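There are structures below to look over.
The following pair of complexes shares a single chain, chain A, combined with chain B in the former and chain C in the latter.
== the complex of A and B ==
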């Protein structure tokens, strides 16, 4: 991603100062040292509050470290072995994966299609774009409060509509599948428009001549989407798949607040039966409800490993998609 | 943007029969994007008994301000709003300033290790922040910042995304010749930053500022962890309001409206620019 910057540096014209005209020392200091002064506020704060905690997590994870006791004992990898045998951890891993797939796959496909629709000369372009991004401006707390009302068992609008069509009411929060669907809907609502705009930006860089030629050849718009647009914006698709994957591995506020909305005790557990507790919520429960910092740090590292693995798999899958498209 | 299209293409595309369907789809999507926000205002402007009716009310009622008043009685919302303005405001100013400074250095100045440092910035944008949250919390305890706004503000004073965003913008928008010309005239780098870079950076910095303000205003998880219920930000106060044992939807959604509507209004007014910024960042991303 640093390629454009490098190219910029290379194409930079040579200093216009005539040869033999010596630079004053103060000037030399100014050009050689001052860049570090400009990036130092960022890097000082970034190291202290960004990178150092990341590294320190690994250290803490090797200890039996509880906020409530003053002693920390070194336990090596015990936290990790305990974690891997913890059924609540695996339950959370399953929920995270399920909610991630349910929200990300339809979201990205839909965003692609929306961007395709918007990538034509249309009236009211700006209006459509602004409304599309409106959900993204809404805070996650607001989204969950609003959707918890919509998905409510008694007075929820969605159940009222279902009933009007002769379908029964659904207790959305109680079941595993239904609660995952409800949470995935909240995530989709908030992020589809954002991804559509990212795709739209990439689509506008595709040469118009390609579409012109395809239209003359009689290719349908769907055919153009599959044969021109998707191959041309593949780097952007890979980018959004990775970002969405990282995002869905970190889902926490939605299940936390969804649980808090329905029963006050379910905030950290993600429902009475942990039916929608995600990995990040499990980390929160261990770290900030039980104050088992060592154990929670181990969970953070395993979570990070899982993120890397899932992102890697997705990256390979999207890359392979190219093969099937080109052939 | 439409200037870029040739008329022949426009004509060809206009002939495609699916265009009414396009408008229909986009209108439906616009409806579903806006409806939940509208619905929250509708619920917030009725009393709880109105919600049990079938069919439910679809138009706003007359109780909105009474419910909002109840919000301020139930939770420390006034303090929360003040706190959020303080938090989001100081984070925004700091991110704008330090991102522009670092972006200028990365885009236009030459120094040893520049590319390696820039790669580090980009790489960390990909690492989940939750990974470091426990040590960060331990640091806040050590600094005795828990329960105060310092704990929310200081870790967010800089942003890797901001540096990346300004670097991308300035490497394109800032002519290197302008810097060189200033140098020949004897201006120091610092003077160049103030007189040449800042005016050119202003539009992108404004977009970054709006994005940062929204993110900081909407942040929930970290403030929840480090703050107390007595001294919350607006999102934390809102979650407390909504998480009662008794489900009081009108109260919860009136609070949501107070916390969300200002941002939605600002977005409706300035959304064009923000979208422009997101799309600009996306092309190069």
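== the complex of A and C ==
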């Protein structure tokens, strides 16, 4: 089909500038400057709202800077040394990791399985695909408020069901494991479909012939998933792992609103015992409850470093994940 | 080399200009504020947490100030104060009139340079109207700047469910109930009796948080001393309030529901608890949440004597553009007759003692609370108040203690362990 078009294009004489004439000024403007104008909006916004706050945060983190007093004293790295010895900070780091693993791992596995199921001829395909994305477009506040009520101790639906089956009520907010499980459930509900759609898009690009050959060889669909699909979409898997790692390091709305169900005070501390306070919530508590801006800024930078480290480790782990097609 | 530099320069310079523009916005606003030119149309914003019942008053104010339009912004309690602190620090975004609750007032009166001195607009002569301690709460440390004028006080009472008391075989008349519990120790005894015969699913009180607040509010010294030192560890009143709260938890009187949570709201509607600490402003809240229980609620005296919980001040941040008009609005909203009007419409109790003897306040009753004479109850409560100094991080300190009580309640720590952790947490608050 494309051959005649190509031939025609080749036969046309290449456009050339008349010899001896200087390049017109407007043309120069177009090639040299316009591209920068086209890409500038992102970079301008990034400098103003990304880079500048980042640098400013680093500056603030070197001060004893309380929002309620007009004096700021330079303290050097004191905020950092204090932070690294702060057990509540490390408690928050642990909670963040725990909630992150509890939500990301099942979420990605489940998304993979969902995408695999949808990656075959189905009636009303678009309907299913749109439905997958629906949880993600719901407001996070609405999601958490509803889930928190489901997980309520006194009047929560989940506890009612548990009781109906003769099991005891669970005080979801009180325990470390139970609260992490509840929060991870909210995160999974919101993001599983989103990841499934990304996987589905990648799966569509896997050559059909591989599956046909595998079917002829008598491979089960599960075997095909493990031996063909997963190795073929590995770059996509790496992408989703990194994105959801970054996302889970920043979780704040879920634990915050979940804590608001216990008491107004537990909102910023993530439960009475800080059992589900994440790093971002800890930062919020320091910065916007106690108004210790310097300390909160230091926490933000350490958190940034932790995110980089965790993402790096994850990237290395996932890259080592080898499929049979590679070997 | 030279060309590549100029290529970089264009976006960098534009970015720098954008930043300057973004940061410069706040600086200019602080310098204004000499009032509007005659006849000029202006808009005043009023920042509140929840409904203060000011709506009809705005209309009245506009009659004498036809050029002023008033816009009210409401935020959640904690968000409101957080936002205000951030806006004062960044120098932009505060409303012309901002409300501040007593739990936060001393952290804001500590920076009087951020607020208009209401003395400059004639607020000084209002001093004689106010309860002395309420007046002092709104002043800067040295007393020269009037940062905020008081709107209301939260004299304490105890709201209770008549029907649940009857079912548990207790008296339900409000005077008899008041006599049941002159002290918190007696309150615990009543609670134990109630629990023996209580209908299914009903506990004696909601949770220890508000009761602890009330007990601290009754003490002459709370979590801070006069010099803004945190005295949680050394003040016997705090430890006593803690121990009593722990006793109540261990006696199984608590429904283990935190105040102002969705479960609490449901608890009101379902009658999950029989008593709740009830400052004047709480009556409006209960009425709102327990619509199905009209007439079943009543109001008795609080155990342990008078105390304060809550109440607010109105301030004028300096960064606003219309200081004169904003100050006039504050004077108007906090005037004695308007405080009386607000009380009758919403329940926020006036901070003007002269009003307490007036017949329209004394005789004011609320049908929802079985026609309890709320005017009389709360004026007695307010008159007998012992003033208490509140410190700059009152909220943080109380959160730390409240979390400790919750840990005991959830069975995560023994009372001793929880108390030790409270002391450790409180020590960190700077």
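Rule of thumb we're sticking to: the second predicted complex is superposed on the first by the 298 of 327 C-alpha atoms of A that agree within 3 Å, B and C clash if a C-alpha of one lies under 4 Å from a C-alpha of the other, contacts with A are read in each partner's own complex, and residues count from 1 in each chain.
Please note the rule applied: contacts are C-beta pairs under 8 Å (C-beta built on N, C-alpha and C of every residue); 3 or more make two chains touch, one makes a residue touch a chain.
The shown structure was predicted, so the numbers you read here are calculated from the model rather than taken from an experiment.
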Request  = Return first, second, both or neither, reflecting whether A:155 touches chain B, chain C, both chains, or no partner chain.
outcome  = both
Request  = May I ask you to decide whether A:133 touches chain B, chain C, both, or neither, giving the answer as first, second, both or neither?
outcome  = first
Partner chain(s) touched by A:36 [first = chain B, second = chain C, both, neither] = both
Task = Quick one: classify A:269 as touching chain B (first), chain C (second), both or neither.
result = second
Inquiry  = Which partner chains sit in contact with A:260 here, chain B, chain C, both or neither? Use first/second/both/neither.
reply    = both
Query = chain A residues in contact: does chain B have more, or chain C?
reply = B
Task = Check whether A:174 is in contact with chain B, with chain C, with both or with neither, and answer first, second, both or neither.
result = second
Request  = Could you give the residue numbers on chain A that contact chain B in one complex and chain C in the other?
outcome  = 32, 36, 43, 52, 67, 145, 148-149, 152, 154-155, 260-261, 264, 267, 288, 293
Key: Complex contact set, residues of chain C against chain A   = 7, 10-12, 14-15, 18-19, 22, 77-78, 82, 85-86, 88-89, 107-108, 110-111, 113, 207, 209, 255-263, 266-267, 270, 272, 392-393, 395-396, 398-399, 402-404, 406-407, 410-413, 429-430
Query = Tell me, which parts of chain A touch chain C in their complex?
reply = 32-33, 36, 40, 43-44, 47-48, 52, 66-70, 145, 148-149, 152-155, 171, 174, 260-269, 272-273, 288-293
Inquiry  = Applying the document's contact rule, which stretches of chain B touch chain A when the two form their complex?
reply    = 1-2, 4-6, 8-10, 12-14, 16, 18, 22-23, 25-26, 29-30, 32-34, 36-37, 39-40, 43, 51-52, 54-56, 98-99, 101-102, 104-107, 109-111, 114-115, 117-119, 121-122, 124, 126-128, 130-139, 141, 154-155, 157-158, 160, 163, 167-168, 171-172, 176-177, 180, 183-184, 188-190, 193, 214, 217-218, 220-221, 225, 235, 238-239, 242-245, 247, 249, 252-253, 255-256, 259-260, 263-264, 267-268, 271-272, 274-275, 278-280, 282-285
Query = For chain A, which residues are in contact with chain B within the complex?
reply = 1-2, 4-6, 8-9, 12-13, 15-17, 27, 30-32, 34-36, 38-39, 41-43, 45-46, 49-54, 56-57, 60, 67, 114, 117-118, 120-122, 125-135, 137-150, 152, 154-155, 157, 160, 164, 189, 193-194, 197-198, 200-202, 204-205, 208, 211-212, 215-216, 221, 236, 239, 242, 246, 249-250, 252-253, 257, 260-261, 264, 267, 280, 283-284, 287-288, 293, 296-297, 300-301, 303-304, 307
